[in-house]
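Structures incoming, each one as structure tokens.
In what follows, chain A forms one complex with chain B and a second complex with chain C.
Moving on to the complex of A and B:
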């Protein structure tokens, strides 16, 4: 089960209705939130993907079970905040090197659970930005932590929160998953 | 203003008659680039339906008012949705019933010619996918060659002609479309024939098509002579009908030749392809009318919508038959191959009887052009 903020039921509907419903529901979704579109029309996969590309939203992936498709989308206006203020930054390559040297580090993935499910760095912990305040107490303040998201923006905010909470060694990984060339693991088929 | 449905058959007639019309294809761009309705006088516009959900005002001035406008999508739902919006703006507009799926499945029967003792040979042009099937009829009997998945069309056509289907043949194990041969043979209690070298993995019984074997149609004995002609597949077999027609399968087309790689063995089979085209076919009479199993481009259609040409003309004009140098030939057929047909491995598995997906899946497997040739 992949977590979504909004579920759109387009089961049994033929083209164009799955996209019409998705588009309408997207208007009510908050920026950065995840939508699950349930559909049975096989053609909806290619169309959702193409529509997301043309409208600037992020297509995360699709799962299929017993003929039911679940498409995951993340709302985006294409203009994520560029400036980052956390002082400690690591490049994707630095993280890759640290991981291949088996360094004792924690990789904290602060994207939404659905984004994490469709591809993440092996061994990374999923901790969506919105839930970070609750989970802080479970983490070791002395650990070496690399924070990743898709583009470096959410991980910047998360890094600042961690530093403010007294974490000693926090690096924001830039750009993060959008430019990641290392190994990837999926939690869905 | 009104929205009028138009059938794949009606669009096929327009294409054959080279009519001038406008297609608004509302599938997404990848699907359109990969495969569309082809025609010599068609004007196209491709805008995905999801970019038109809020209205069509922005494209209205690009839609002509002086020619017929047909909206096309994958199945028809989105084309109706868009056509209705165009009609609301005060335009007359049509949509393709059943969408590209119906286009892919439409068969247009055309009589190719007569046989010497009163029989006839018909070609079934699958215009959307470029597949060609044949029915040879004589004295109350019929033989079908390279039947497509739409088996009812053949069975109904035989009923209309009041003939009994006795034998069903495939020139080779197809990789671009699902064969209807076995299904028809079962339905009419006829015999299904396949080249044995293509059939080593099949899971069903068949009659082996071997070189020189003669199959007759009707009491007047129209001979169908099997001619072993490997190259596209190792088993590929051509047929000579009534000493007048050469059914060349996927070995020789009008403007191209067969590709040798769809079973994964391009390097091995290119020599066979050369031998078939440059030696075996050379030994045949030049006035044989070549009837291939495919066409690739709409220009290969004759005035009446059929696809055929005299063998002698092909020796003169088909580039693939005129490459003197063997190395150059090898390079042409193995070095620059087009993308493979959609789901070709699954289609081969299905034609071997190894898998039996439902009809909806079969449709999906066959979407797109046939891509069996190299030029």
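Moving on to the complex of A and C:
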């Protein structure tokens, strides 16, 4: 199962109900959180995708099991802040080169678990930004860490947290997954 | 997000299936955060009629019109395969099976989503319909008010 902050049950409902319910539920969801919409209407995949694109939310993907579709969306106002203040930045290409040279690096993916599930860099560790404080003690402070998210904004915040906690070699990958051309791995079908 | 988009639909038809299509599109557009207006004119006004008879003083022809036209969305017939009222019964049965919303439910949903339901006053006069005979929460306007919404609309439909 993919983790979601809110589950919307639109099973058995016909068009236009899945989209109407999704829209209503989206109002209650917090910025950056992930919603799972369960539906059985076959047209809902195209509907949800188009709706998300037009309303500025991020469509993560859809899984299908026994005729039930689960659509994943992340709430966004479409304009994540662009300012970044972590001093050490790496480009996507630099990370790709480091990985293809088999360098000893940790790739830390700070997006939500659902975003990670629908496509991440092979070998990356999933650590959503909201859980980073709890997991800091499990990481090696001497390691070379590349922090990645979708646009470089959340990874900037995560990089600052890591540096403040005493990590020596932390680089924020910009822009991150939105511009990633390297290999991708999925944890779902 | 950018400025709100507008969808306007003219519902001319008094057929159950056509009105259903209009209301499904309207509800979908509202979910897209569009500002939606449905302008009911001629037979489309029947979708807004109350189910119960409302006593109103009318002339003979208007009374006849009132009797012959369906009273409310649920009583409307189909554009195809109506078969003297058998068609609507059958399609409602199928809709239940597929969990599709009925027309009265779609109209309620439209109100809930703040879709503007407008009744054309000129055709109301022609068909002898009084404001008291139509659902609450309906706006009354003429063609100019519709055009004001439609001229900067992104989606305009005539059904």
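The criterion applied here is as follows: the second predicted complex is superposed on the first by the 189 of 189 C-alpha atoms of A that agree within 3 Å, B and C clash if a C-alpha of one lies under 4 Å from a C-alpha of the other, contacts with A are read in each partner's own complex, and residues count from 1 in each chain.
We take it that contacts are C-beta pairs under 8 Å (C-beta built on N, C-alpha and C of every residue); 3 or more make two chains touch, one makes a residue touch a chain.
Note that the coordinates shown come from a computational prediction; the quantities given were computed from them, not determined experimentally.
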Under the superposition described at the top, does placing chain B and chain C together on chain A give a clash or a fit?
clash
Please indicate which partner A:56 is in contact with in the superposed arrangement: first for chain B, second for chain C, both, or neither.
second
Examine A:46 and indicate which partner it touches, taking first as chain B and second as chain C; both and neither are also allowed.
first
Please work out whether A:12 is in contact with chain B alone, chain C alone, both, or neither, and reply first, second, both or neither.
second
With the two structures laid over each other on chain A, which partner does A:166 touch: chain B (first), chain C (second), both, or neither?
neither
Partner chain(s) touched by A:67 [first = chain B, second = chain C, both, neither]:
neither
Select, from 6-14, 60-68, 96-104 or 132-140, the region of chain C that bumps into chain B once both structures are placed on the shared chain.
6-14
Intersection of chain A interface sets (partners chain B, chain C)
14-17, 19-20, 23, 51, 54-55
Going by the contact rule at the top, pick out the chain A residues touching chain B in the complex.
14-17, 19-20, 23, 42-43, 46-47, 50-51, 54-55
Where on chain B is chain A touching in the complex?
28-31, 48-51, 53, 73-75, 77-78, 81, 360, 364
Applying the document's contact rule, which stretches of chain A touch chain C when the two form their complex?
12-17, 19-20, 22-23, 51, 54-56, 77-78
Chain A contact footprint on chain C (complex, rising order):
1, 24, 27-28, 30-33, 98-101, 109, 113
